[in-house]
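Since the structure comes first, as structure tokens, the remarks are kept for the end.
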Amino acid sequence: MILNLKLLEYSLSSLWRRKEKNLALVSVYALVIATLGSVLLLTHALKTEALMTLTAAPEIVVQRTLGGRHELIPIAYARTISEFPGVGRVTPRVWGYYYDSLVKANLTLIGIEGYHEQLELLEGRFPQAPDECVIGAGVADAFGPQIGDFLVLEDSSKRRSEFRVSGIFRSASNLLTNDLVVVQEAALREFFAMPAELATDLTVQVYNSREVGTIAKKISYLLPDSRPITRDELLHTYDSLFNWRSGMMLAVFVSALMAFLILAWDRATGISAEERREIGILKALGWETSHVLGAKLREALLLSLTAFMAGLLLAWWHVFVLGAPLLMPLLKGWSVLFPEFDLPPVVDLYQLAVLGCVTIIPYLACTLIPAWKAASSDPDDVMRG
Amino acid sequence: MILHPGILALLFSSTLILLLLLIAGGVALRIVRHWNSASGSATQLQLERQTWLVATLLKYVIGFQIITLFLLLFTLDEIHPLFVGAMCATGSLNANLVGWLVLLIKIGLVFAGAMWLALNYLDQRTEDTPLVRMKYLLLLLLIPLVALDLWLQWEYFSGLRPQMITSCCGSLFSAEGEGVISTLAGLPVKQGVPRFFAVVVLYAVLLLANLRWRAVVLRNLLFVAAVLLFFASLAALVSFLSLYIYQLPSHQCPFDMLQGHYYYIGYPIYLGLFMATLFALLPGLCRPLATTNSLQQELERIEPVWLRLALFGLMLFLVSSCWQMVFGPLQLLGS
Amino acid sequence: MTLAIDHISSRPLIRVDEVSKIYHQGKPAEVRALQNISLEIFAGEVVALSGPSGSGKSTLLSLIGCMSRPTQGTIYLQERRVSRLPEAFLARIRRETYGFVFQQYHLLRDVSVLDNLLFPLYPAAMPMKTMRERALVLLETFSLTDKEKTKVRRLSGGEQQRVALARALMADPPIIIADEPTAHLDAELTAELLTMLTELHAEGRTIIIATHDPVVHQSSLISRRVALRHGQLADAENSRGGQ
């Protein structure tokens, strides 16, 4: 125990005496770790965000398909489904996309009836008249209207529709509401020119989560032209999408890491003359090969832990304070509208473990042989001049 | 194949471990061929210095192996939502035939490596290092194991498909299941508890006897008891200890206890079990090898330390795993 | 650990038996540094090794000092055969039994005086506090107390020499090995060194000096002179001594 501490002290002193060189190394190393760390933190944050969105989603969404494509669903289907045992409320939803060619952004338009408890308002109230709407923060930023102002959209027959903004959304998850425009259902039907007996899709509430699979099967059996999508399926899709993306990125950056390691190898093999002399003296005076080796490996460990901490802080700052400006375009890809949204600052131990595994382990492995080479000098070199 | 960062990290680290071990193996071959402790030649001196390289390489390999073992468990836990029916790491392991094999090999490697290091420690403490040849021959045996580990991991991960339907701990470890694991785990608590504690008592008595007397027979008995303890404890963990730890009558996952929402209680449990097993195996393992005076002396010196470490491990394991059984609100046995 | 003079026994402290050392054996650059040397050194002696450079003085010192192992022959230290020990054991003997003073002092130049005394003993089982106390006592003995935190690079030649001696005494070794300790010293400092060595000898330490400095050779401190030529003893008479 004492020996460990003494060797550690010696390592610290040795690192400190060559601080310029080591500082340069730590900076480059930290930068590599920060890059890799940013990828992991960002994908994890996006994933968490998406999962938060989905936990609010209904257990099953039922769509109708016609010729393999999504089609409006008759509201009569809702009654059929709600008669299944175990099924709670079945709600027809009216919603759609709207592309604004001026702002060049996609909006999601949702029609509601009555009070919507899942969403919290940032300010204002839900639409109470056909010409009122509630918009997401992203829409407010892109189009510019505040509460009381008008949002101007063109309906299906290219007529101007004006909606007075009665509220702006706040939500635990920005992804959920960022591009949202909520109006009354009747108003939206008129805007999209959608027949009254049809809806975009149906949401099905299931009391017991174990029965979701069975009920989904029943739905597709009894209503052959429908396609039930369970929440779990959505979760899988999101999960694999994000894992795949971060995996790809990781693969790319591991190659960058390798380049750095070659650099580190080069540095570690090229021990300075003064350092070699120092090791020689210590060996002559009674240090064993294992002691020198231990001290050198502690140096490597100290270096990589310092770089890990620094890199992690840098990654945190890049992703959660700056909003990952360097990676966002590569990773998000699928959304054009979101100019910025706050990522939930979540870091879990698992991300750290993965990051540590791909950065610290290879560095330590790379410094082992040079350290041993330095440690196995002849003790009588000193005596023979 | 799922391109998950954790999976990539695992494959990457395992490749690295294999590489390190291959280097060590190369040196080991040279040592086995040219070692001559009576020689004062430069070659012999060089070989002697290389033994330190090999020892350090092995320490790293074991260290990394332990880290990747946990990373594997974490990754399995992380990817379980990808599989239908999986609710924890057990589910992910069941997604594929080789899953359990990977875990088994990894645990085996950690034990084998730790034993090698113990042997090496013993040998390096003596002036005549009589075990050199054998040590390095044994080291060469580790290489195929590590290669197998890497290959199996590749097979396991490349065989994974999202949406695969697997069975989770509840059904795997339940009494209705088939196979050895479920027969073990499905034991009624009433039978399982006394059996487990019988093994623990047997082990503890042997351990104390070993601390008091030096007979070789006791060492060998302890060796057997340690093996027994290891498997009995694993069975106990899945069949009833986990129920107490999770405070749920049906959750039997041996891995969830490593997670934060169970206060990482799994770490002291598995560390304790590992120490209790390893350090009780060592005396029995090393006795037949201690053929020279110098080795015997070293062994006599280190044995009490090992046995005390084993005792500490047992305490740690028992306290951390049985705490909830004694003090927790869940009761499986009618009082 | 210190062996007192009056305990000179019939058993030698160090016994070198038919020792040869060959560097680069079997290669074109093969050097036979020592050939069939036999030498006994008894506790409490001050032995001077002399000979022209290249005669094998340093090689013999490094063999006696357990820094290297002989190609042939055996070396005994206090009856223990040390010539075939693994390096780790030799290192332990070096730090516990020997104090070394080198020709160029071989101090760590960018390290403080105090750390120069402490670092070499880090592997020893001694607690840090004891080590530090001992170092401070030695610094006081050698009038270096005010230089404790100074880097060796900034010291004068005489001060460096004192640090080197203080370092050699850190583990309180029974044997001091000095290789050309006066090579870079002027007359005054040489005299100072001889005084210090005399004190160490008076404390009961065995001293082995390799030197071709006549001042050291003629010093009354030296109890036996051994000459080396071409890796062999020039005068076999002196190889035993003691009695």
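Some observations on this one:
For reference, chains read A, B and C in written order, and residue numbers begin at 1 within each chain.
As a working rule, contacts are C-beta pairs under 8 Å (C-beta built on N, C-alpha and C of every residue); 3 or more make two chains touch, one makes a residue touch a chain.
If you're wondering where the values come from, they're calculated on a predicted model, not measured in any experiment.
Counting C-beta pairs in contact across A-B and across B-C shows that the higher total falls to A-B.
The chain occupying the central position, as judged from C-alpha centroids, is B. Centre-to-centre, using mean CA coordinates, chain A is 65 Å away from chain C.
Centre-to-centre separation between chain A and chain B, using Cα means, comes to 34 Å. Between the CA-based centres of chain B and chain C the separation comes to 49 Å, rounded to the whole angstrom.
In chain B, the residues touching two or more other chains are 49. For chain C, the set of residues touching two or more other chains reads 87-88.
Multi-chain contact residues of chain A (touching two or more other chains): 289-290. In the complex of the two chains, the chain C residues touching chain B come out as 24-25, 69-72, 83-89.
Residues 37-38, 40-42, 45, 48-49, 124, 127, 129 of chain B touch chain C in their complex. Chain A contributes residues 2-3, 5-7, 9-10, 13, 17, 274, 277-278, 280-291, 378-380, 382-385 to its touches with chain C in the complex. In the complex of the two chains, the chain A residues touching chain B come out as 39-40, 43, 232-233, 235-236, 239-240, 243-244, 246-248, 250-251, 254, 289-290, 293, 297, 349-350, 353-354, 357-358, 361-362, 364-365, 368-369, 372, 375-376. By the touch criterion stated above, chain B contacts chain A in their complex at residues 2-10, 12-13, 16, 19-20, 23, 49-50, 52-53, 55-57, 60, 64, 67-68, 70-71, 74-75, 78-79, 81-82, 84, 162-163, 260.
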